[in-house]
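You will see two complexes here that share chain A, one where it goes with chain B and one where it goes with chain C.
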Partner chain A sequence: MSATRSLPVICAIGFVALIVVGLLLPEWAMFLTTMAFAKGLVALGIVCLMRAGLVSFGQGLYFCIGAYVAGLMANWTGITDIFLLTALGIIASGITGMIFGPLLATYRGIFFAMLTLSLSMILYGFLSKMTALGGTDGLNVAAPTFLGYAPEGRALGLSLYVYTCAIVVIAGGLVRTFFDSERGLIALAIRDNELRVEYLGASVRKEIVFSYVAAGILGGIGGVISGLAIGHVDPETAYWTTSGEFVFVAILSGYLSIPAVFVGSLLLEVVRSFSNLYFPNTWQLSLGIFLLAVILLLPNGLGSLLAWRKRRRETS
Partner chain B sequence: MELLAFILVDGLIYGAWLFIVSVGLTLVFGVLNILNLAHGSLYAIGAYATASAVGAYFALGGDAFPMGSYLAMVIGALLVAVVLGPLLERGLLRHFYDRDHVIVVLVTYGVFLILEDVMKLIWGVTPLFVSEPYSLLGNVELGPLFYVAYDFLVIAVAIMSGLAVWFFLNRTRRGKVVLAVIHDREMSQTMGVNVDRVFLVCFTVGVFLAALGGALTAPMISVSPGIGVNVIIIAFAVVIIGGLGSIEGAAIGALFVGIARAASVHLLPEAELFIIYLVMAVVLVFRPEGLFSKTEARKI
Partner chain C sequence: MIDRVRKSSAGRLTSRLLAAVAAVGMLGMGTAKAEDTFKIGVVTFLSGGAAESFGVPAWHGGKLMIEMLNEGGILPPPYDKKGFGGMTIEAIPVDEAGGATKQVQEFRNLVQREKVDAVVGYVSSGDCLAIPPVADELKAFTILYDCGTPRVFEEGEYAYVFRTAAHAAMDNISLAKYMKSRGVEVGTFAGINQDYAWGQDSWADFVASMSVIMPDATTDTALFPKIFAGQYGTEISALIRDNADVVHSSLWGGDLQAFVLQAGPRGLFERSQVALAAGDHVIPQLGNKMPDGVIIGARGMNGLSAKPKATELTDVLWEAYEKEHDTFPVQAPFRMWQALLGLKTAVEKAMAENGGTKPTAEQLAAAMKGLEWEAPSGTIKMALGNGHQAIQPNAIGTTKWDAETGKMTLVDIEYYAAECVNPPDGVKAVEWIKEGFPGAKCD
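Then we have the complex of A and B:
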C-alpha cells in the first residue's frame, strides 16, 4: 500500500531530477534523450503486453500514426499546439487500437507478433504509395508551440525535453498504477496460465484488448513527440525494423521495472549514436553485437538488476 | 482473358520464387522451432556469393562454356550454407533453445543486423551485376506473350526443391527421424536420435535453401545492400499464410501470394506494396493458424 501512496512523490522527484539534469545537458544530448524517451514510451507499451505474455512486432503502426497525425494536422489545419496534437494522437491511436484489439485478442505467441507486424507493414505500404501524403519522402512538420508560446533554437529543444519528461513521468505513474491494479495483476496471471484465469472468472480477452489499446496509445504519444522533435515524418516509422527496435528495448528492459524501459531506450540511442559516429559503416554490426550480449548476459533485462537490488535491500 | 493469362503466368513465376525463398524458413521453424529473422540476410549473402562465383567463373575463362555458370551459382549457395549454417547453429542459436520464443526471434534479429554490415564489409556498397545466366536460355513465346526462359527455370527449381524436401521428409528413413524430432524432441532423444545433429543438418539445409533463393535471384536484379530486408517479411507472410512449419502450406501460400500480387500489379498497381500483408491478414482472420497448420504436433 505504501508503494501506491508514495508513487506521486517518486514521480515528482523523478521529474525534478530529469529537469535538473536536462538543464545541464548540451543540445545534442537533450535531443537524444527526448528521442530516447519518445521511443521508450512505445517500448513501454510493448512491456504492457509482455506482462500478459504477448509481444507485438508491429508497434511501429502506432508510432507512425502518432507521427503522421502530428505532421498532417500541422500541415492541413495549422494546429501546432503540442498539447492538442498529443490529444489528437491519443485519439487516433486509441481508436485504431480499439478496432484491431478485439481482432488480435484471439491470437497468441508468434501469430500475434506476425499479425501486428503485417498491420504495420500494410500502413507502411499504403503511406509509401500515397503521394498526397508525401510518399516515401514523408513530410515536414512545423515546430510545435506550447499553449501559444513559440520557442526557437535551444529554448525549443528544452521545451520539448521538459514536455517529454512530463509525459514520461505521468505515463510511467499511470502504467505503474495499472500494473499494481487488479487488472494489471491479471495480466501476469494470463502469462502464467490463461485457462485458470478464465476459470477464476476474469475475461482474458477484455484484459488483452485493454493492454493492447493502452500500448497503442503509448505508441501514438511516442510518435507525436518524435515527429515534432525531428520535424519530419516518413513511412519508415511503420517499417518492421523500427518495430524490431522497440521490441529490443522492451526485452532489454524486461517487464519488472518501468524506469528501466527508459534507461534501456536511452542506452540504445547512445549506443546507436556513438557507433554511428565512430563506426559509421558498421553501426548495425555494433548494435547487433550489443543486442546479443545483452540477451546472453541479462536474461531478464535491465529491470532484473534493479529488482534484484531491491530484493537484497528488503532481506537485509 | 488475355489479362487473366498474364496474371496467372506472372503469378506462377513470382509464386515459384516466393516458394524457394520461404521453404527454408518453414523447414527451420518446423524442426528447430525458430523463426529466423536472419533468413533474408542469408538470402542476400547467397545472392552476393553467386555474384562473386559467377563473376569468377567468367573471369577464369568460362565464356567457352557459359552453361557452367549455373553450376557456379549452386556452388556459391552451397558454400554459404556450409560455412554459415554450422557457424550460426553451433556457435549461437544452440545457446538459446531453452529460452522464450520471442527471445530467439530477437537473437536472429541481432544476427540480421550483424550480417547486413558484414555483407557491406565483404562486398562493398556498389551494386553487382551478373546478368549472364539470365539471358543464356533465351526467350519463350507463350501465345501473344514473351517470357524470359530463365523465369521457367525458377519454376523448375521451385518444384524440384519442394519435391526434394517433401520426399526426404516423408519417404526416407532419415526424414522420418526428422519428423519424429518435430513431433517430440525429448522422446526421440531417449530413443537414441542424435537431436543435435538433426538440428544442425536441418538448419544448414534451411540456410542452403535461403542462399539458393538468393543465387537464383542474383541474375535478375542488381545485387546491392538491403535486398534481404524486404525478402524476410515476404517470406514470413508466405509461411504464415500456409501454416508455420508446413511445406505444402508454403507452396500453397506462395502460389496464393504470387497470384494476388500479379493481379494487383495488373489491376491495382497502388496496392502492390501491401497486397501481400493484406492477404496474410485476411487469411489469418479466417484461419488463425494458417491454411495448413500442424498445431496437433505441439504440446501445451
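Then we have the complex of A and C:
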C-alpha cells in the first residue's frame, strides 16, 4: 500500500502549500478560507457516514456544541486558548456522539436522517429558550489565544488560518487512514450489503457508532473554529438549514476524495459571497442554479473529477 | 431589481458640473475633490421574513435619500450640501438574510474587499450583537440603524460602532404610559409575542412598565408562538377565553398581518383593547382591514405619527417616497433616513475639523460621538452608551379609518420626549423600568 506510506508526505506538502497560498491571500479571502475549512470539517464528518450509506441531517448539533463550548468556556472561565478549547470541543461532541450513536445506529435512511435532525432541533429549541445564554441572539466570544500568544488584526487572521489548515491536514490524514483501514472499508461494504457484512462476522452497529462519533468530533472541531473566528455564537448553528448546508457540501464533494470536501466547501463560500454582493436581490437564485448545475453535471460530486483522473492515469 | 446606486455615465458630466458648483459654495472646505466618493455598505433584509416590512422599505428610503443627496440642494438646510460633504455617495446594498455567521463574513468582505468607508445596516438583533466586535477589530466605522436589543451597548463598549436608533425599551414604556394617560381601563392584560429574543424582551419590558405605571393590573396569559408561525387560531382562542382588557403584542411583518386578519373576524378587537408595540408598518398592506381603535407604536416618531409634526425635511422626503413607491413611508425608511442624516452630519463635522479631506474612521467616530441632529423622526441624540447609542422621541396613536380619503389615520397621538422614555446614560433599561424611571424628563 504505497498510498498509505506516502500519506504523511502528501499531508506535509499539502500543509506547506496551504500556508504559502495563505500568506499571499488578502485578509478577506483568508477569513473566507478559514470559515470554509471549518465548515468543511463538519462536511467531512457527513462524508464518513455517507460511506456507510447514511446521511445525517443533524450535524448542526455538533457544530453548535463545538461553537457553544468555545463561547461559554471563554465567557465563564476565561479560557481562550484555542488548543484547549478544541480539546474541550472534541470531548463534548465525542461524549454526545457516544450517547446518541448507539441509539441511532439501529436506524437507516430517512429515519436516521430525521432522528439526527430532531436531535439538533432539540438543542436549537433549548438554546433559544435559554435567555441566560443570550437566547436566539446568542453571545459574543473573545478572540482566541495560541499557547499564550495573543495576536491582533492580520496576525490573528493568519494564526487562525494556519491553525485551521493544520487541523484540516491532520483530520484529513486521519480520515484517509480510517477510510483505507479494514474498518473503513467495512463501511463501504455496509453501504452495499449490510446483511452480508454481519454474516462475515463484523458488527454493523459498532461500525456505524464509530463513524457517527468520528463525524460528531469533526463537527465539534468545526464548530470551535467557526465560533472563535466569527466571534459570536447563536442557536442558528443547530438549526436544520445549517445542517442542510453541510449535507450539501458533502453531496457537492462526494465521498471519493477528501480534499474535494474542502474544495467543495470553499467553492460554495466563494460563490455565495460574490453572488451576495453582485446580485443582492437574487443571490439565492444564483446559488441555487450553481447547486443544480453541480448535481446535474457531477452526480458523484467534485471528488469524481479527481478519481476519474486517477483512474485514467492508472489505465494508461 | 435594485441596482447599485451609481452615477450613470450619461449623467456623469452633469454631476461633475453640479459638483463643481457645489464645491464653489463650500468655502473653507476646499480640499475635498469633487470626484471623491464616499462608499457605504448598506446591509438590510432584501429577502426572507423581514424584507417586506423592514428591509425593502428601508432600502427604498435609503436609495431615495442617497439619490437626493448626490443631486444636492434638494433637502432643506443643513442637508442641502451635495452628497456627504461634497463627496458622491456610492452605496452597495447587501442582503442581511442568512444569519449572523454569514453577516460577519459579508461584513469583512465589505470592509476588506470592497473597501467601504462606512457600513450602515442590520435589522436583526443577533447580527447587531455579532458585528460590533468585528467592526472594532477591523477599525471600520459602522452604524447599526434598526435593531432593538439594548444589549449591544449595555453589555459591550465599542469605539467604531454607533446605533442611530433608540433601543426597544422605549416602545413598551411608551405603550404603558399611553394606557395610563388615555384612561384605558386595565384590570388584566395578556400578551402574544414571538418566541425569540425580540418578542421575549418586548413582553418583559411591557410587564415591568405596567407594574410600575399601572400596578393594579394583573396578567396571567403570555403566549409565545413560534416566529413566522402564520397561524394563530389556537392563540386567538386562548386570548378570547382569557378575555383580558388589553392584549399586548410586538408581532411584526407577515406574522402581524396574519394575526390581525385572523383575530378580526373572531371579534378579538371588540373584546379587548389591542396594543401593537411596532404595528405601524403593516398599515399600507392591511388598509381598512386594520380595525379602528387599535393602539399602535412605530418604534419612534415615525410613519403616520411623524406627519402631524412634519418639518420641511419630512415633507420633501415623504412626498418623494410616496411618488416613487405609491405608498407612504413607515418606520423602516424613517430609521434609515435618520442613520444617513447622522452619517452626513458626522462626515461634514469631521471634514470641518480636518480641513476638508475625507475623514478617517477615527475622525468619523470622534465626530459621531455624542452628536445631535435633526431627522424626520425628530431630534436624534447620541446620549447613551458613552455617546454611541441614540435616544429619540416616541409617539403612540390609535387607528381610525378615514372613509372619505380611503386612508388609515392615527388619532389621539401622544408624543414622548426622548429623555422621558429612555434611560439616562449608564443605567440598564430593565433596571431603570423596575426602579420606576428615576430621572425621566417628561413634559
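Some observations on this one:
What we mean here is this: the second predicted complex is superposed on the first by the 316 of 316 C-alpha atoms of A that agree within 3 Å, B and C clash if a C-alpha of one lies under 4 Å from a C-alpha of the other, contacts with A are read in each partner's own complex, and residues count from 1 in each chain.
In this text, a contact is a pair of C-beta atoms (placed from the backbone, for glycine too) under 8 Å apart; a residue touches a chain by one contact, two chains touch by 3 or more.
Just so it is clear, the structure is predicted and the values come from calculations on it, not from any experiment.
With the C-alpha superposition on chain A as described, chain C and chain B clash in the combined arrangement.
Once the two complexes are laid over each other on the shared chain, residue contacts for A:Glu198 go to neither chain B nor chain C. Once the two complexes are overlaid on the shared chain, A:Met35 sits against chain C while remaining clear of chain B.
When the two complexes are overlaid on their common chain A, residue A:Gly288 makes contact with chain B while staying clear of chain C. Using the contact criterion defined above for the overlaid structures, shared-chain residue A:Asp234 touches chain C, although it does not reach chain B. In the overlay built on the shared chain, the residue A:Asn140 is in contact with chain C alone; chain B does not reach it.
In the superposition on chain A, A:Ser128 contacts both chain B and chain C. Look at A:Val55: by the touch rule set out above, it reaches chain B but stays clear of chain C.
Taken together, the two complexes place residues 128-129, 281-284 of chain A in contact with chain B and also with chain C.
Listing the residues of chain C that touch chain A in their complex gives 1-2, 46-47, 92-95, 97-102, 104-106, 108-109, 111-114, 125-126, 129-130, 133-134, 137, 149, 151, 156, 195-197, 200. Listed in rising order, the residues of chain B touching chain A in the complex are 35, 37, 92, 95-96, 99, 101-103, 105-107, 109-114, 116-118, 120-121, 229, 233, 236-237, 240, 244, 270-274, 277-278, 280-281, 284-285, 288-289. Touching chain B in their complex are the following residues of chain A: 55, 57, 103, 106-107, 109-111, 113-115, 117-119, 121-122, 124-126, 128-129, 240-241, 244, 247-248, 251, 281-285, 287-289, 291-292, 295-296, 299.
Note for the complex: chain A touches chain C at residues 26-29, 31-32, 35, 128-129, 131, 134-140, 143, 152-153, 156, 226, 230-232, 234, 236-237, 242, 269, 272-273, 276-277, 280-284.
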